[in-house]
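Below, chain A partners chain B and then partners chain C, in two separate complexes.
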Partner chain A sequence: MEIVAQTVASGVLLGLILALSAAGLTLIWGVMDIVNFAHGDFLMLGMYASFFAWAVLGLDPLLALPGVVAALGLFGVVVYLGVIRPVLRGSVLAQIFATFGLGILLRGVAQFVFTADYRQIGDTMATGSFAVGPVHLGLPQTIAALGALIVSGLLFALLDRTTVGTALRATAEDRSAAELMGIDTRRMFALAWAVGAGCVGAAAGLLAIYFPIFPDVGAVFGLLAFVTVALGGFGSVGGAMLAGVLIGVVTSVAGLIFDPAYKFTVAYLLYLVVLVIRPQGLLGRA
Partner chain B sequence: MIRAWLAHLAAVVVIAAACVQPGASPAGEGQPTAAAGVFPKEVAIGAVYPLTGALAPTGVDLKNGIDLAVELINSGRSDIDLPLLKDGGGLRNLGGAKLKVIFADSAGDPAKGQSETERLITSDKVAVMTGAFQSAVTATASQAAERLQVPFVNAESSSPTLVARDFKWFFRSTPDDSMFAENFFQFLDDAAKRFPGQVAKKVVILHTDDLFGSDVNKFVRQFAEKYTYEVVGSVGYKLTAPDLTSEIQRLKASAAPILIEASYLADATLAIRTLKQQDVNFQGVLAMDAGFVDTKFIPNVGKDAEYMLTREVWAKDLGTRKPIVKQVNDLFRSKYGTDMNGSSARAFTGIFVIADAINRARSIDPVKIQEALKQTNIPAPQIVMPWDGIQFDARGQNTKGRGIMVQIQGGEYVTVWPLELASKPLIWPMPEWTKR
Partner chain C sequence: MSAPPLLDVSGLTARYDGAPVLHDVAIAVQPGSITAVIGANGAGKTTLLRALSGLVRPSGGSIRLEGIEISGRRAHGIVRLGVAHVPEGRHIFARLSVAENLRLGGYVLRDNASLERSRSIVFDLFPLLRERAGQRAGTLSGGEQQMLAIGRALMSRPRLLLLDEPTLGIAPLLVARLFDAIVRLPSLGTAVLLVEQNVRVALEIASTGHVLQTGRVVLQGPGQELLGSDLVRKAYLGI
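Up next, the complex of A and B:
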């Protein structure tokens, strides 16, 4: 029982981080129907930003977090203006390959500039662990998960409670109608990239507290983010949250019940089953 | 009339000369490069390694080891007692020909490792292949070399299955995981003599689910039986797992006092962090090198790496007993800023095996190099490894290799076994996380 509690708790913590990173992906998709295949590599860049803020400036990753979010948000806008907007005129395939190619480019540049070494942020404000009854929780993971909850809450508030958020949602709903209402959809697109990439930056800054940092780290979380988005429903931020936690818990518990080597197989199976029954995902619009 | 006759005579002389020519060259030296001292200026060796991707840091270590070996052989060093270095630079028997290593990137992918090997052999005409670190990639890359009949010298893949394939062109200088797995239990037996009643006979295994990890699991289980230890569980995991909680919980549930682990760098880091956070303790953690001997392991894991044991093929402190180890490591350190490790030292040694064979073959003909490799006999003092020497059996396996056990003490790898090579005493059991 103790083991199950421990496993579920760790699964939830991981799931919240997954959810935050997937929220950024799903937001961009929702607003402009583009899947950012460079998503995992954005995450990688954010982790390096945290690492260098710590290694060069001596900033604790938690203190550096707002800076990393801003930097990634800015990077998102640059990518939108420099890469995405030009290829919007091309075919859907061109759009897919543009972000896909961008991801490979980022990975290559990262390996060239940062070398392939595994970096690890040393002792931070969030080092250590604590026990809740029989359950041991890592402080870094817990803080990362709490951070994910807070940032997700802010994202919800932005989308639900502000005029800009309403405009974003309107653009996602119906682009031409939004334009007729006087919404500058191009600015909304840029905003979606800024907010989406900023969410990835937040996930990256939180992950960097405890996860090793290397050029390929995006591959570990990238695929899981896509699965999370698809499971939760494309474009649904709430769905991404739900699916993230679900995947975190399912993989952890599956690792306990079956051979851990197959824990992701179980998660992917769940994903396939859900999509067969509900192609739009858990909370997606039909 | 006379002019026509002279022309015929000239033609006959030319033809006769042409016919005589092959017989005039020394018998059996048909290879053009060997005739009359005409040697290539360079001998190309192909090396396929994971230079990009998740294993790229190890790829850099391996490449550094190779680059240093090539530099030493090509320039010569009279003060270091390694093969060929006192010949004044290059391969003496090939007119001082220089070695040139052409690197290719496997990206850690068996299919890519194979196609890159084919390319190096067919396009770059390399005389010998080396690589590929990961056993799964070495398996496919050496298949290509076997088919194209070019020797493949592997210096650092430890899967026992690699020499069980009856290949004629495959040679491996490193000991394999079955030898290393046996070393674990020989070590535990010796530790039990030193710490009576404090070394349990129950182990649990944590391993990656690739060829490396699965083989370790298999051979540890096999030798556990031979040495009468009980394996109470095996936990395999995916290399890309972002969280290892359920894996660590299974280890905890097994209640085994000793952990044997086969992990790479990122996953080893994650596993140790999780062990500490969840306060899971063992008498000893015995790792099968890989991530635990990466140059970034101690810097990344920090204090939590203390007391971990890993089997190794090489350690810096071997230099206290073998002067050439210190000589070579000092060179390596001044060149690359880090100490050598098991990967770079083995790759370094592999190049000497290749160079020595080509030199004795006096040719870049693959058949002659293959023959020379079979006759390899490099004595223990002439290698930077703790082995009894290098000599290949019929399977192509070096029979004189052996492992050592090192323990992380004070942020350094310290040789603690075999006892006659130990530079410091073993610390056993490792202190619990809360008592550090």
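Up next, the complex of A and C:
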């Protein structure tokens, strides 16, 4: 029994980070109907940013977090202006290839510049573990999860409580009508990329506290983010949060029951089952 | 015609999917007036309004708002100049609350005091919107959604309101209430350019009317005069 509680707890901790990264992906999709296939590679870049802030500047990843979020947000805007806007008038296929190709490029460049070595941030502020009843939680994992929860809360507050967030949601629902309100929807697109990539940056910076960093690190997390978004319902930030935690728990428990090597298989299986029963995802609109 | 027109459209041409929809259209709207455009389906009425608000880029001609050329500007910039557009089919933000819809209607306003003023004007015109402020806009009835669409457009305190088929698919009881509100707009400083399939009511409240046929203005004049014209009586009133 204790091992189940332990497994569920660590699943929730990872799930919260997964949820935050998926929220960034679904926000961009919701506002402008574009799937960022380079999403996982954005995560990889954010983790390297954290690593070098630590290795070169000696900054603890928690202290570097605001900088990593800002850097990724800026990178998101640059990608929107340089890659996305030129292909907006093109076919859907052109849009898919643009972000897919960008992902391959980022991975290749990372391989070349950073080498394929595994990196790990050492001696961070958050080390050790603590016990809650029978469950032992790693402090780095717990702090990363709490951080993800806080950033997710900020994202919700931005979308729900501010005028600019309302304008983002309006742009997502009806672009022409938003224009008629005086909302510059192109600026909203850029903002969606800034906020979406910023969320990935936050997830990356938190994950980097304890997770190894390498050029392909985005592959698994990127794929999981897509499953999370689809499971939660495309465009639904709340759905992505729910699905992120769910997938975190499911993979963790699956690793316990079956061989850990198969734990992600169960997540994809869950996704396929939901797809058959409820194609719009858990909180998606049909 | 002593006062210069608020809106002065001349030689306007526009295409839709490459096919010409408007040919050399000329229309003027006087400040504080109601001007009607009538015509059959496909005559180009909706495209005309979309060209005026910047949703469609005109292929030629001129659109002047108090003498300033606005043709070719993007929609979000034209709103700031004082032109609000209530599109056909209302296009309210169904997933947002009534209050949030109204807030976005006042997106171009700079301070809370102006927002508050706009809200009180809109709530005075449509008291129902105050009662429904916290409700999701998608749960309103068709007529209520039309009130919200008009109220939302008025939040920016426009000098010119473009109204596209406000009574389409609305229950008759609410149609009367909508028109009661529309005739009050000039006294609030908002001139109205009204596109309407309800030809009789539209021409009754309009100081000037234009008849659009296959993208051309074929007849114009005072609303009452058009109501008595052979063309309008035969083609649109069926008498």
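In this text, the second predicted complex is superposed on the first by the 286 of 286 C-alpha atoms of A that agree within 3 Å, B and C clash if a C-alpha of one lies under 4 Å from a C-alpha of the other, contacts with A are read in each partner's own complex, and residues count from 1 in each chain.
The working rule: a residue touches a chain if its C-beta (ideal position, glycine included) is under 8 Å from a C-beta of that chain, and two chains touch if they have at least 3 such contacts.
Here the structure is a predicted model, which is why all the values come from computation and not from measurement.
Trainee: So in the superposed three-chain picture, is A:D174 touching just chain B, just chain C, both, or none of them (first/second/both/neither)?
Mentor: Second partner only.
Trainee: In the overlaid three-chain picture, which partner chain does A:T185 touch, first (chain B) or second (chain C), both, or neither?
Mentor: The second partner, chain C, only.
Trainee: May I ask you to decide whether A:Y118 touches chain B, chain C, both, or neither, giving the answer as first, second, both or neither?
Mentor: Only chain B; A:Y118 stays clear of chain C.
Trainee: Let me test your reading of the model: by the given contact rule, A:G238 touches which partner, first (chain B), second (chain C), both or neither?
Mentor: neither
Trainee: On the A-aligned overlay, A:L14 touches which partner chain: chain B = first, chain C = second, or both, or neither?
Mentor: After superposing on A, A:L14 lies in contact with chain B but is clear of chain C.
Trainee: If you stack the two complexes on chain A, which partner ends up touching A:L137: first (chain B), second (chain C), both, or neither?
Mentor: first
Trainee: Now for A:L256: first (chain B), second (chain C), both, or neither, which partner does it touch?
Mentor: Only chain B is touched by A:L256; chain C is not.
Trainee: Quick one: name whichever of chain B and chain C touches more residues of chain A.
Mentor: In the superposed model, B touches more residues of chain A.
Trainee: Please name which positions on chain A make contact with chain C in the complex.
Mentor: Per the stated touch rule, the residues are 163, 166-167, 169-170, 173-174, 176-185.
Trainee: Enumerate the contact residues on chain A facing chain B in the complex.
Mentor: Listed in rising order, the residues of chain A that touch chain B are 3, 6-7, 10-11, 14, 108, 111, 115-120, 122-123, 129, 136-138, 141, 210-212, 214-216, 219-221, 224, 248, 251-256, 259-261, 263-264.
Trainee: Okay, in this complex, where on chain B does chain A touch?
Mentor: Residue positions touching the partner: 52-54, 56-57, 59-60, 209, 235-238, 240-247, 249-250, 252-253, 265-266, 269-270, 273-274, 276-279, 294, 296, 299-302.
Trainee: Would you pull the chain C residues touching chain A in the complex into a rising list?
Mentor: 53-55, 74-76, 79-80, 84-85, 87, 91-96, 100, 103-105, 107-108, 152-153, 156
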